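Below, chain A partners chain B and then partners chain C, in two separate complexes.
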Partner chain A sequence: MVTIYIDGVGYEVPAGTNLVDVAKFYADNDIPVFCYHPKMAPVGMCRMCLVEMGSVEKDKESGTVLLDEQGSPKIRWMPKMQTACTQTVYDGLAIRTNTQQVTEAREDIVEFLLTSHPLDCPICDKGGECPLQNLTMRHGPGVSVFYFEDKMHLAKHVPLGELIYLDRERCIQCARCIRFSDELAGDDVLAFHERGRALQIVTVSDPPFDSKFSGNTTDICPVGALTTADFRFGARPWELKEVPSIDPYGPEGANISLSTRLDRDSGGGIIIKRVMPRQNEHVNEIWISDKTRFGHHHTRHIDRLVTPLHREKNTLIETTWDKAFKQIIDKLKGATSVGAIAGPGLSNEDLWELRQLVLAVGGSEKSLGIWPATMSGGEVVKQVGIAKGSNFNTMGKGTVIVLVATDLEEEAPIWWLRAKAARDRGATVVVLNGRPTKMDRYAKFSLRHEYGDAVGAINSLTAHIVNGNHHKADRAEGFAELQKALKKVKADDRYAAAAEAIAGADNVVVFCGAEGVTLAQHAELMQACANVLILTGHVGRTNNGLIPVWPGANTQGAIDLGYTAEATAELLQNPPAVLIVAGCNPVGEDIAAANLRNADFVIVTSQFDTATTAIADVVLPQQSFAEREGTFTSGERRVQRFYAAQGVIGESFPDWKIFAQVRHAIDKSTAKVSAGAVMAEITKSVAAYSAMGYKNLAQVERQFPDVGGTDQYYGGTAYQNTGGIGVQWPVSAENAEAKLNVVPVSSEKSKAKGLLVVPTTLLYDRGMLFVRSEIMSLRIPPAHANFSPADAQKLKLQDGDMVEINLEGASLTVQIIVNETIPAGVITLPKCLSDQPGPFAPMVAGSIEKVAQALAATGD
Partner chain B sequence: MLAEKYAERIQKIFSKYPDKRSAVMPLLYVAQEEFGWVSPEAIEEVAVLCEIDPTQVKSIAGFYTMYSEKPKGKYWLQVCTDFPCALRGADQFHQALLDHLGIEEGGTTEDGLFTVEHVMCLAACDKAPMLQCNFHYVENLDMDKMKALLDQWRADAKDSAAD
Partner chain C sequence: MGLINGLMTTIKHVLQEKATFQYPEVERPVRERYKGRHALKRYDNGMEKCIGCALCAAACPADAIWVEAAENTDDERYSPGERYAKTYEINMLRCIFCGYCEDACPTEAIVLEHEYKLSFTDRRDSIYTKDMLIDPVPPGGQDTPHQVEPHSYDRPIPDMENPK
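== the complex of A and B ==
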């Protein structure tokens, strides 16, 4: 801590922080800014933050502060004002913000910025939460010496792609949008063009403004120059009620605000007008991906299921809840076997009630499956998951971030963004995968392994660590066996330097995905990662441990409540007599789910008609995340609440309520009446969740830097976190006494001959919920497969050809892209891009036939 | 394609810099020489060569006034009309030239040969009036000299079209 003086008053503030941020946080002194943003490096471009600046005089010998006659510290002032935003605090820094000189400077800058501002606030989306508007009211001169006629008039509806619009008149050229895209998102697709009065924002990338984070620029733009196509002219900020919620798509648990109002478009019901980030410095800071921001349209889509359906003479027809319940209860009571597959967007409450129901009618934990069923290793996470209290904000030099078998930007964009920011602060990035991904640009070590051999790659790391005597085995249970097994591992030299970096690091975080890995291999891969972390002592301490890149928003919660991917695999092999599929579409997504048709009776809860409801005997309309309360558990094991925001669509119900009522009818247990009551039961039954009562989860804390609040300083109130910052559950490694299992694992490479089809995950896919947001339709690529140039040549295929790929009883028609980043012998096939199911696990392709020629290349 | 036509020259340019993106400015000159202006296609091509996003290339082309993002005549005449030149009649000279060619400031003659534009000081104040033609200085001008030059350039253009 250092002492600084603001307008004569001393404050104790953390050393090395930014003056503007600490003045706001500690002294409640809002130094006005336009170009500065607390999440980006200062540039000092707008001069709005000018203050008088000086340093206290100290006695040269003793270092004590010299005092004037009044007893206040003597200050040596600089002759001219300085920009506060470019100043880092140091002991003895003094500023004056309330003098005439400062006031005049602020007036002048506002007047200058307004010389060519259109002042069209009455029709501007930002009006009401606009920093320029607010600062003009606070610091503007009220009159201008400039002629109104001299204002420049510029284009007002310039699309920067189909998602973001630019109003050139409103732009004050602060470059926040450019700096965000370039420095933080790593997408250098925005830039200034021309100079002086002609300066303007441009993008000529293809597709234009090609960034998965583009929406964030509209939040940080201090004027209404950037707006989203989704919200443009949609509502005024002051009409909106901000409801705290959680991203329903990704494992990062991004905190969001659903801006809602009563709306004509919904016949007077409450609907979501926009999705905004909500500040949670532990989770997503103030950022969300465009998927989170624009993917909310399913909540009120015209195709939402509004009544229960049941099968009569082979077609699904509408029925009542009573009749549907009766049918379900009869079937469940007499069932010889019961199983459930739970989707990635079920809340913990839904999952709990589903579990209780399945157990009540004779099912076991072995019949509780998760969807998608691609990842394993819940037990490993319990031991060595990233330690409670870890925060990417505090990672930098000394931290090593390892990415294993994941394309992190596509699978968990917020983690990608934060890991990259840590790297920009000095962290070392190690990437292990079968092909390069965007993170490789920032990696110190880009290590390629053969798909199918991820475990071997990690074993190489472990072998180097142990052979080089870099390990600490004191907490490792089973080390002797591991050591013995490692003798047989041929440590690949390419991994030596990375192993050394990991062993020597202060902190290590491992992201483990499942690209190119079968479910069976994945359990081993997670253990292999755990071995590395345990043997290098990077567990149980803040900023250390494993983060599984789960495929869904609440996969972690499902695993915590006893669901597994292994159970799903078993259910797909041997469908039970009565199968419940809750909130997912296995049949439409994965070729391995075709067998589910063989279940005698299938109950599906869903928001939409899908290939899975098509095999159902009863379909129950399920509520979306926006209509109800609940909790999700992020991949960092943070349990977080989301709140009911939107009016209920049709007769839909939350899953927990459906399952609770069915169970009540069967075993006379008391059916809970609120999601909070379900959580109360979970806190009593699941040890890790004992602190997860709704009150605890709703706790908030004051966050630094201060970006959201009623003062509307950096924008609107949407940033403000009123819903809770969530609670993480601790892993066993955090108990210093606990022994941790290291287990030898070996990778079984498939011996089958042929091209290996590796399913990959894309952020924008045709998943049953996301595809309903038509605004994103141009960003979802057509169904395609990437071929290496060598394989394409061998098969006489050209970029753009349509091919039929035959796989274990299924065949897929896709367009091919010849892509030199793909290794020979491999085809990568993004999941969920067409209505045909595809593979979810890597498998060897049968025949590949060209079914149509690429359209002849245009031009020369 | 620049990459094929100027392979050697481009290689030489790259060899001067530690990374490819640093070569963007000299490559923009190559493109401008070839096409007479920095077209969107040229921007795309330079971006591919330098392995950066075309938006960055466009930003650079827009910032520096010696790149033109509008098509220009074969001879791009930039007449200095800054203060010292103006004292020696540069304004009148500029206007006379425009009148002679029958175009407006910034315009291009119908045959596509000449574009005239006034610019700030070119650091040849002692030889005013002056202009630069495709970045080569032509000094101590008057309209008689100018007309002779224009004729010569027309003839040159015809010759080169004939080859």
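== the complex of A and C ==
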């Protein structure tokens, strides 16, 4: 801590922090800024933050502060004003912000900025929450010496891609958007063009503004120059009611705020007008991905199921809840076997009630499956998951971030953004994957392994650590067996330097995905990652541990409540007599789920008609995340609440309510009346969730930097967190006494010959919810497969050809892309892009037939 | 004597001009600044002055105004700027005729006119929609939407005189 003086008052503030940030947080002194943003490096371009600056005079010999006659410290002032945003605090720094000189400087800057600003606030989407508007009201001169007629007139409707519009007149050239895309998102997509008064923002990428984080630039834009196509003229900001919620798509648990308003076109009901980020420095800071921001249209889509359906004479027809319940209850009572597959967007409350129902009618934990069933290792997470209180904001030099078998930007964009920011602060990134991904650009060690050999790669790391005697085995249970097994592992020399970096690091975080591994291999891969972490002592301390890159928003919650991917695999193999599929579409997505047709009676809760509802006997309309309360558990095991934002569509019910009522009819248990009551039961029954009562989850804290609030000039339009920052549950490694299991894992590869089809995950896919956001339709690529040039040549295929790939009895028609980053012998096939189901686990391709020639290149 | 005095007063008033109006047969003219029912104004060419900014709704102390905006295109242009009111409704049961909406309007699109005979038999009828509020198209003008040449209107908010 150092002492600084602001307007004559001394404050104790942390050393090395930014002057503007600490003045706001500790002294409640709002130094106005336009170009400065607390999440980005300062540039000092706009000059709005000019303050008088000086240093306390100290006695040269003793170092004591010299005092003047009044007894306050003597200050040597600089002759001219300085920009506060480019100043880091040091002991004895003094500033004056309330003098006439400073006031005049602020007035002049605002006056200059307004010389070319159109002042079209009445129609501007930012009007009402605009930093320029707010700072003009507070610091502006009120009059101008410039002629109004002299204003520049520029283009007002420039599409930067189909999602973001640029208004050139409103731009004040702070470069926040350029700096965000460049420095934080790592996408070189925006730039300044020309100079002086002709300076303008242009997009330099093709397709334009090609970034997965583009929406964030509209939040941080201090004027209305960047607006989203989704919200354009949708409402005035003061008319919107903000409802705290959680991203329903990704495992990061990004905190969002749903801006809702009544809407005449939607029958006068409350609808979501836009999705904004909500500050949570532990989770997503103030960023959200475009999928989160624009993927909300499914909540009020015209195709939403509004009544229960049941099968009569082989077609699904509308029915009433009473009749549907009766049918379900009759079937469940007499069922010989029961199973359930729970989707990625089910809340903890839904999962709990579904579990209770399945157990009440004779099912076991073995009949509780998760969807997508690609990842395993819940037990490993309980031991060595990332420790409670970890925060990427505090990672930097000395931290090693390891990415295993994941394309992090596509699978968890917010983690990617935060990991990359940690890397920019000095963290080392190690990437282990079968193909290069975007993170490889920032990686110190990019290590390629053969697909299917991820476990072998980690075993090599472990072997290097143990052979090089870098390990600490004091907490490891079963180290002797592991050591014995490692003797047989041929440690690949390429991994030596990375192993040394991991062993020598202060902190290690491992992201473990499932690209190119089967479910069985993934269980071993998670254990292999745990072995590395345990043996290097990187468990149980803040900023250390394992983060599984789960495929869904609440996969962690499902695993905590006893659901497993192994159970799903078993259910797909041997469908039970009565199957409940809640909030997912296995039949439409995965070729392995075709077998579900053989279940005698299928109950599906869904928001839309899908290939899975097509095999159902009863379909129940389910509420979307926006219509109800609940909790999601993020991949960092943070349980977070979301709140009901919009009106109920049709007769839909939340899943927990459906299952609770069915169970009530079967075993006469008391059906819970609110999601909070269900959570109260979970807190009593599940040890890890004992602190997860709704009251605890709604706790908020003051966050640094102080974004949001009433001033709204500082971090743009990110919202203050009023809904709760969530609670993490601790892993067993955090108990220093606990012994941790290290288990030897086999790195046996499959011996099948042929082209290996590796399913990959894309952020923008045709999943049943996301595909309803038509605004994103241009960003979703067509169904395609990536071939290596060698394989394409061998098969006499060229870029753009349509091929039919036969896979274990199923076939899939896709366009091919010849991609030189793909290793020979491998086809990567993104999941959920086609109407036909595709593979979810790597498998060897059968025959590949060309069904259509690529269109000839233009000009031929 | 008292009786005569009283009758004198009566006779004096009988001979004076009548102070009452036989409403509804006779309507008393209102003052120039009288605040009656709102009207949404048009430019001479028929375009709407309203830009859908909803500042009237923000200023309204009775929460009587409901505005939903949309974007103009050159093929379908309602107002000269970028934005127009897709929905414009005033609930006359809520309105207190204070005229704040008039003050708030940046384009002088909403004006409280002299119409005061508002009656309805159903609460729903008290909601006046845009069709009911908007002025008729002036002679020589054209009803909205207009189809216009690209770039003929590229100011966000038109200057206050009629667009040329």
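Criterion: the second predicted complex is superposed on the first by the 853 of 860 C-alpha atoms of A that agree within 3 Å, B and C clash if a C-alpha of one lies under 4 Å from a C-alpha of the other, contacts with A are read in each partner's own complex, and residues count from 1 in each chain.
One rule holds for everything that comes next: a residue touches a chain if its C-beta (ideal position, glycine included) is under 8 Å from a C-beta of that chain, and two chains touch if they have at least 3 such contacts.
The structure displayed is predicted, hence computed values, not measured ones.
Asker: Identify the partner contact of A:194: answer first if only chain B is touched, second if only chain C is, both if each is, neither if none is.
Answerer: first
Asker: Figure out whether A:233 sits in contact with chain B (first) or chain C (second), or with both, or with neither.
Answerer: Second partner only.
Asker: Return first, second, both or neither, reflecting whether A:751 touches chain B, chain C, both chains, or no partner chain.
Answerer: A:751 contacts neither chain B nor chain C.
Asker: Of the partners chain B and chain C, which touch A:60 in the superposed model: first, second, both, neither?
Answerer: In the superposition, A:60 contacts neither chain B nor chain C.
Asker: Counting residues of chain A touched by each partner, does chain B or chain C come out ahead?
Answerer: The partner that reaches more residues of chain A in the superposed model: C.
Asker: Check whether A:264 is in contact with chain B, with chain C, with both or with neither, and answer first, second, both or neither.
Answerer: So A:264 only meets chain C here.
Asker: With the two structures laid over each other on chain A, which partner does A:796 touch: chain B (first), chain C (second), both, or neither?
Answerer: neither
Asker: How about chain A: which of its residues touch chain B in the complex?
Answerer: 187-195, 202-206
Asker: Residue numbers of chain B touching chain A in their complex, please.
Answerer: 40, 43, 52-56, 58-59, 62-63
Asker: Write out the stretch or stretches of chain C touching chain A in their complex.
Answerer: Chain C residues touching chain A: 51-55, 57-58, 66, 68-71, 81-83, 87, 106, 154-157.
Asker: Could you pull out which chain A residues touch chain C in their complex?
Answerer: Contacts found on chain A: 118, 120, 122-124, 127, 153, 155-157, 169, 232-236, 238-239, 262-265.
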